[in-house]
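Heads up, the next two complexes both have subunit A, just with different partners, subunit B and then subunit C.
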Partner chain A sequence: MIYNYYPGCTLSTNARALDRTARRCAERLGFPLVELPEWQCCGAVYPQAPDAVGERLGAVRALTAARDNGGTLVALCSACYHVLKRVNDDMAAVYPIRDKINNYLALEKPYHGETKVLHFLEVLRDHVGWNRLASLVTHPLAGRRIGAYYGCMLLRPGKVMALDDPESPAILEDFLRALGATPVVYDMRNECCGSYLAVTNRDYCREMVGRILASARDGGAEELLTACPLCAYNLVHNAAAEQQVPVTYFTELLARALGLATGGDVQ
Partner chain B sequence: MTGTGPKTDLCNTGRLTPEKEADLTAQLLELADTDVKRCIQCGRCTANCPMAQHMDLVPSRMMWELKNGRASVVLAAASPWDCLSCFACETRCPRGLNPAGVMEAARLLSIRPAGAPVLTAEEVAELDPGMPQQAIVAAYRKFSK
Partner chain C sequence: MQKIGVFVCWCGSNIAATVDVARVVAAAQGIPGVAFAADYRYMCSEQGQQLIADAVRQYGLNRIVVCSCSPRMHEKTFRTCAERCGVNPYQVEIANIREQCAWILKDREQATQKAVALLKAAVAKVQLDTPLQPGESAVVKRALVLGGGIAGIETALDIADAGYPVDIVEKEPSIGGKMAQLDKTFPTLDCSACILTPKMVDAAQHPNIRIFTYSEVEAVRGFVGQFEADIRKKARSVKADICSGCGICTTKCPSRQAGSEFDAGLRKRGAIYIPFAQAIPKVPVIDRAHCLRFQTGKCGVCSLVCPNKAIDYTQQDEIVTEQYGAIVLATGFDLLDLQHFGDLGWGRSKDIITSLQLERLTNAGGPTEGHLVCPSTGRQPKQVVIVSCVGSRDTSGRGKTYCSKICCMYNAKHAMYIREKYPDTDVTVFYIDVRTPGKGFDEFQRRAVEEYGVHYIRGLVGKVDVHRDGTLHLTASDLNSGRQLEMEPDLIVLAAAVTASPDARKVAGLVTASIDNDGFYVEAHPKLRPVESPTAGVFLSGMCQGPKDIPETVSQAGAAAVKAIGLLSKDKLLTNPCTAWCNETVCSGCRSCVQVCPYGAIEAVEKTVVTLEGKKEQRSVAVVNEALCQGCGACTVACPSGAMDLKGFSNQEIMAEVDALCW
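Now for the complex of A and B:
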């Protein structure tokens, strides 16, 4: 099976740690990531308007390339995963959008959403399995109380994303258990961090991050993990000084547990 | 800063003829792609919106105005520019509706006729060099097309 890989713009720049550790861990776990030879930015936000054809093209090109190379596409960044999965759903089920895009692209073989879009976490859960992952851990994260921060893009809307229960997810907690850590479940783990308002209004981000960090602290979390570079940025850079906690990409923790670690927390 | 975004000529409530109001409402409904007539005004979207406390027109009120054919009220609001597209409203709506889609439609209906970004580089405070590209691309998409 070929695990085609879509890194996205941020993993090639600010979030290199997420990219680097994921590739290394995937090799160790037996599913090497094969970066698509050509990929374009997914657009970072899902274009909701049904007539937004151009905004979907970057995602469709990646999905089509993956279809033509085995049919599976893995993403790591929550935003990329969100956009790829939702556009794929459009191409499978929303005929006016599918027809317009296929007419525009004039592909030799029209695209109908055939590619299976997976988050790296889904590969760990469904292809590797938590028990096998746990058996491969050489440096268990014993004694670490870690809160998983899901944010929005991984889970919502639940009907399309279908990664996990959007209101009571477990995938990151199961991941942490497999690594030997103690997962901390807290109320605000799937509420928004303020997202792109970091560009226009940091005060709103600080307010939202403050609520998330207070909830995590009340739950007993001593550190947080995330899959999203923008969540990581907001949790670190828009946190009040007295609320700062270490924030790590989930693949960094995985690399440490598998004895592959270098590098530090999200900066 | 609440309500980054334009107040276009479209938004001058009270100046519109009934025909123009109906036309704007039809355009907004088409772009929003959600059946606002099914909204029961339970307020769950507003209760779950992390930005509702800062909005001049909360999500449930946006749905109400659009349901009643008052697109100009929706377009005059600053709320769409504060929406994060976190989809808490959509996921938690008991009727399966998408208020975030209405917010996006309102943004597009303001941006497209203007033909120019509603947030220019000069209006953005100095960018932190550590800010992920993802944030910049997302803001570009939300405020420019």
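Now for the complex of A and C:
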């Protein structure tokens, strides 16, 4: 099986740690990631206009390339995963946008949503399995009380994303348990971090992050883990000084638990 | 000579707006054998049927094709009409040009062509139809009611009062159902137990009623008028005939692991228990999964303390087989499992409860003797929030798309319970819409707002945070003022959606009743036959057909009883003559048909048959019992040698239809 990989723009710039550790872990776990040869920005935000063609093209090009090379596409960034999966759903079912896009791209073989879009976590859960992952851990994260922060892009809308229960998710907690850490479940773990409001309304973003960090602290979390570069940015850069907690990408923890981390990787 | 009449119905504009009926008539007139063809606005009306009768008389018609709605709708109407004018009712064919044509197509040309094709197929079949005569079968004058809640009890009482014996089969240790758990009933606020328990006693003491509690129906055979059911009486581990119901055993049982079903999990019960004080029968049952004696072999306290020596650890399940003429399904409802409602804090705080749990907390017979307290602290709540539509009218996929119908009324009732007893406790109800149609219902809800000062806020709760210290923090939107609200209630009550009983699917399989996607039983007709299942002799009572309140349930229970009584009062039923038959000359005796027959209507019998060469030969051949055969046709498909055929739907007739469609 070929695991086509869509890194996305942020993983090539600000979130290089997420990209690098993921590739190394995937190699160790037996599913090497094959980066798509020519990918472009997914669009970053899923277009709310149902007739927006141009905004969907980047995603469709990646999906089509994956279809023509085995049919599976793995993403890491929550926003990329979100856009790819929802556009894929449009291409599988929604008229007339799927026909418009196919007409525009004039592909040899029209694209009808055939690619299976997977999040890296999904590969861990469904292809590797938590038990096997736990058995490969060489440096368990014992004693660390870690709060998983899901954000919203990874889970919602639940019907389309279908990764986990959007209101009572478990995938990141199961992941933490497999690494030997103690997951902390807290109420605000699936609430929005403020997302791109970081640019236009930073004060509101700070308020939202404040609520999340207060809830995490109330639940007893000593550090946070996320899959999303934008969430990571907000949780770190829009947090009040007295609320600061360490925030890491899940693949960084994974690399450490598998004994793959070198000093520079984990920040 | 064959003289076929073709009658094309407009069905008002249902068919005529999409299908060019005049062209269908013209096409019919061109088919050999068709002696008469006409169209009419409503063929099922008296005038339409008169048109058929007149044509039969005038043209000497002996076969009829009606191009109209689905045969499920009016086949019986037109067969009866044919019989009245001297045409064998089994020489009537329906071409469904409404549901399978006009309603699903938009293009007039396309629809007309399809209507003509369906007409040709029906004419091809009617030419081969042979006259059939229905047989007769007897009716066993006893009814079976599945479920002993208010619906089942009411239906059973009505049938029993009409003079027919009834058996109630209830899977729980007592009859009473969900209504027994309620505190008061809307819109009059009379105590649920005060109106239900006398009915339970009536049922128990009625000479025509037998009650099987802690029992389940395992298999149902036969057909309308002659059902046969196997009822598994699960072992109670208590001898019901000598138990006095004193209850000493239940108080001494050392196992306190199991949550009380009757108290909606708010209290622990012993492994040996009587569900509630007014239970019928008042005989305890041992829950073997939680009993120390059954799990570890040690203990035996109940047996030691029983003054009558009624405990019997060796008791076995018992199967009772009985015959019935009619079956009434009254399997009731359940509440949605709220596991996907983590956003409302479900499962993370003892103070977030369902409405049914609130009923137990306000009921004098409940775990707190009617004192409303927060389960976590045992203290009276000062602020209560009630959330409507938890899983009802839900399009996210975690709940149900329908309205559960009863919640708006019981939310108002619960708010009033609380405000009446604890005027210093604030109650807020969050809602999408308040839906309270019904006699005295809207007035009831308005009383909650106007007289009891309950806060109704339009908008739903977005999030409930459960803090480490146990306090609740709720975020909601007030849609009328466009504000975001934050509250810190002590108790949150979730009005969970009503769902069909989880057993409904299994029971539907037993009696071949249809169920919808949500697990509710389907009616024979949603408007005109609401208490009958499409399966003859099976009737529907109460919530198992869809959400409804107690007054509606009781009305429907009575209606189902009347239908059952109507059936039981007949001495004979006409049987469906469309049964299978075996061409013994070609039957090889392979028994494939015996294996597939779902009704046990076929057996292989050793007999003398005439072979294709005209010689007599002794061998095994299939023989169909016409009284048992329901005409499903499974055997005709399974038969490798083409010996099995179905009257009214012969292989030849079906192939003629296919040919007419293809050529």
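Please note the rule applied: the second predicted complex is superposed on the first by the 262 of 267 C-alpha atoms of A that agree within 3 Å, B and C clash if a C-alpha of one lies under 4 Å from a C-alpha of the other, contacts with A are read in each partner's own complex, and residues count from 1 in each chain.
The rule is simple: contacts are C-beta pairs under 8 Å (C-beta built on N, C-alpha and C of every residue); 3 or more make two chains touch, one makes a residue touch a chain.
Computed from a predicted model, the values in this text were never measured in an experiment.
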Which superposed partner A:Glu191 touches (first subunit B, second subunit C, both, neither): both
Which of subunit B and subunit C A:Gly158 touches, first, second, both or neither: both
More subunit A residues in contact - subunit B or subunit C: B
Which of subunit B and subunit C A:Arg20 touches, first, second, both or neither: neither
First, second, both or neither for A:Tyr233, with subunit B first and subunit C second: first
A:Gly219 touches, of subunit B and subunit C: first, second, both or neither? second
Which of subunit B and subunit C A:Ala44 touches, first, second, both or neither: first
Common interface positions of subunit A, toward subunit B and toward subunit C: 157-158, 167, 191
In the complex with subunit B, residue positions of subunit A that touch it: 8-10, 13-15, 41, 43-52, 55, 77, 79, 152, 155-158, 166-167, 191-192, 194-204, 208, 229-230, 233, 237, 267
Of subunit A, residues touching subunit C in the complex: 157-159, 165, 167-168, 187-188, 191, 215, 218-220
Footprint of subunit A on subunit B - complex, ascending: 1, 4, 30-31, 33, 50-51, 54, 82, 84-88, 90-91, 98, 100-101, 104-105, 108, 119, 124-125, 127-128, 130-139, 141-143, 145
Touching residues (chain side subunit C, partner subunit A) in the complex: 339-343, 345, 347, 396-398, 463-468, 473
